[in-house]
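Read from first to last, the chains carry the letters A, B, C and D; within each, the first residue is number 1.
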Amino acid sequence: MIRVIVSRDAIDIADEFTQLEQGGAVATFTGLVRADDGVATLELEHYPGATEAALTRLAEEARARWSLTAATIVHRVGPMAPGERIVFVGTCSAHRAAALEACAFLIDRLKTDAPFWKRETVDGASRWVEARATDDHAAARWS
Amino acid sequence: MIRVIVSRDAIDIADEFTQLEQGGAVATFTGLVRADDGVATLELEHYPGATEAALTRLAEEARARWSLTAATIVHRVGPMAPGERIVFVGTCSAHRAAALEACAFLIDRLKTDAPFWKRETVDGASRWVEARATDDHAAARWS
Amino acid sequence: MKLLYFAWVRERIGLAEEDVTPPATVATVADLVAWLAPRSPGHAAAFTDPARLRAAVDQAFVPLETPIAGVREVAIFPPVTGG
Amino acid sequence: MKLLYFAWVRERIGLAEEDVTPPATVATVADLVAWLAPRSPGHAAAFTDPARLRAAVDQAFVPLETPIAGVREVAIFPPVTGG
């Protein structure tokens, strides 16, 4: 089962696990708003329509490549506070190596292939987060 | 924070996430009792004392090697039904690659380094699960 | 042709979207960016450095050299920073 | 010396643990296994094939060639299958 959600709502981990658990091995990655470098709020902008299509393509690619029984991508948009979950990626497979690799693939590629933009407020000043070259490298190792 | 639990109780995912979320990136692996090959029940035996020590050593090793802010290993013992969670491994780090690698390390090494034994009941017959050579290979790639 | 702008591209231009009809000499996304730049001080500010821009054509990510003949929607934005 | 047995080793022997005092000629875990085998038909059945056995000495996993002089607790069991 492919599940792709782009929403302003908080991510419910217990509910996501219930949906994912379709086999013997479940791997997940969760990204949280950093609380440690003075970020007061984070705001996520996205490209409606194109975002969901990009995430669905990624999930379908992972499902085919690693024979997954389930793949979930949930990404929040809108304003968020430090410590809140921005993104949740989950994979389920009969085999643990497949679940783990597919999960790493999804989060690496999501960082470079999905149209999201982060805006941070630090010490009262708001700025767009710059893309990092390390994300391109992480994504490139899967192709 | 290192958290190691060996218990007959069901694994509460939402609670484990709350304990793990100590940084920007959380990776988890969850193993479920397989429901697809006729297994009616699974029973986990362990070596009390030695189990907790082995899991704590593994978690400490992962924390030092990947600079984790949190590492959790929860392993159930006793009888379990298909679909139930046997094991939960979670890692938290400032960086996603560290969290993902440490999580894969923990589950690979746990399979070979912790004193658990599985007994399955299939079609009314009970048998001890045989160790698999692939688990040794998966664990060896970390040393 | 519908144009969509995101993040600081949107903010500098002051518009989230607009409709334009570029001449036939505007063949690629890069040509489009160069053609748009003089429309306003905001467009000029957004399109100063094309190396910092990315694009999608009909919702697919593409290089700026991609032809735009016949496309309905072009989005122009900074490198993505999700996840 | 306290001995602990797990999984099918425990089942075949019919004991989870026992206390033994092996002679000084029993130097390693492998020697101990050979010395224990004749104690009962259950011990013999459990220790038929030492290649299928693993051990821990004072709760640390060790090869069967490990010396046991001075140790308090030896556990003998099949390869582990957790996770």
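The rule is short, and it goes like this: contacts are C-beta pairs under 8 Å (C-beta built on N, C-alpha and C of every residue); 3 or more make two chains touch, one makes a residue touch a chain.
Given the structure is predicted, the values throughout are model-derived calculations rather than measurements.
Novice: Shared touching chains for chain A and chain C?
Specialist: Both-contact set = empty.
Novice: Starting from the mean Cα coordinates of chain C and chain D, work out the distance between those two points in Å.
Specialist: 73
Novice: Need the CA-centroid distance for the pair chain B / chain C, whole Å please.
Specialist: Comparing mean C-alpha positions, chain C is 49 Å from chain B.
Novice: Can you give the whole-Å distance between the Cα centres of chain A and chain B?
Specialist: Those two chain centres are 23 Å apart.
Novice: By the touch rule stated above, which residues of chain B touch at least two different other chains?
Specialist: 31, 107
Novice: Hey, which chains are touching each other here?
Specialist: Those chain pairs satisfying the definition are A-B, A-C, B-D.
Novice: Inside the complex, what are the residues of chain A that reach chain C?
Specialist: Residue positions touching the partner: 31, 44-47, 49-50, 53-54, 75, 86-87, 107, 110-119, 128-131, 135.
Novice: Along chain D, where are the residues that touch chain B in the complex?
Specialist: 4, 6-8, 56, 59, 61, 75, 77-83
Novice: Show which residues of chain A lie in contact with chain B when the two form their complex.
Specialist: Spelled out, the residues of chain A in touch with chain B are 13-14, 17, 21, 23-34, 36, 83, 94, 96-97, 99-100, 103-104, 107, 138.
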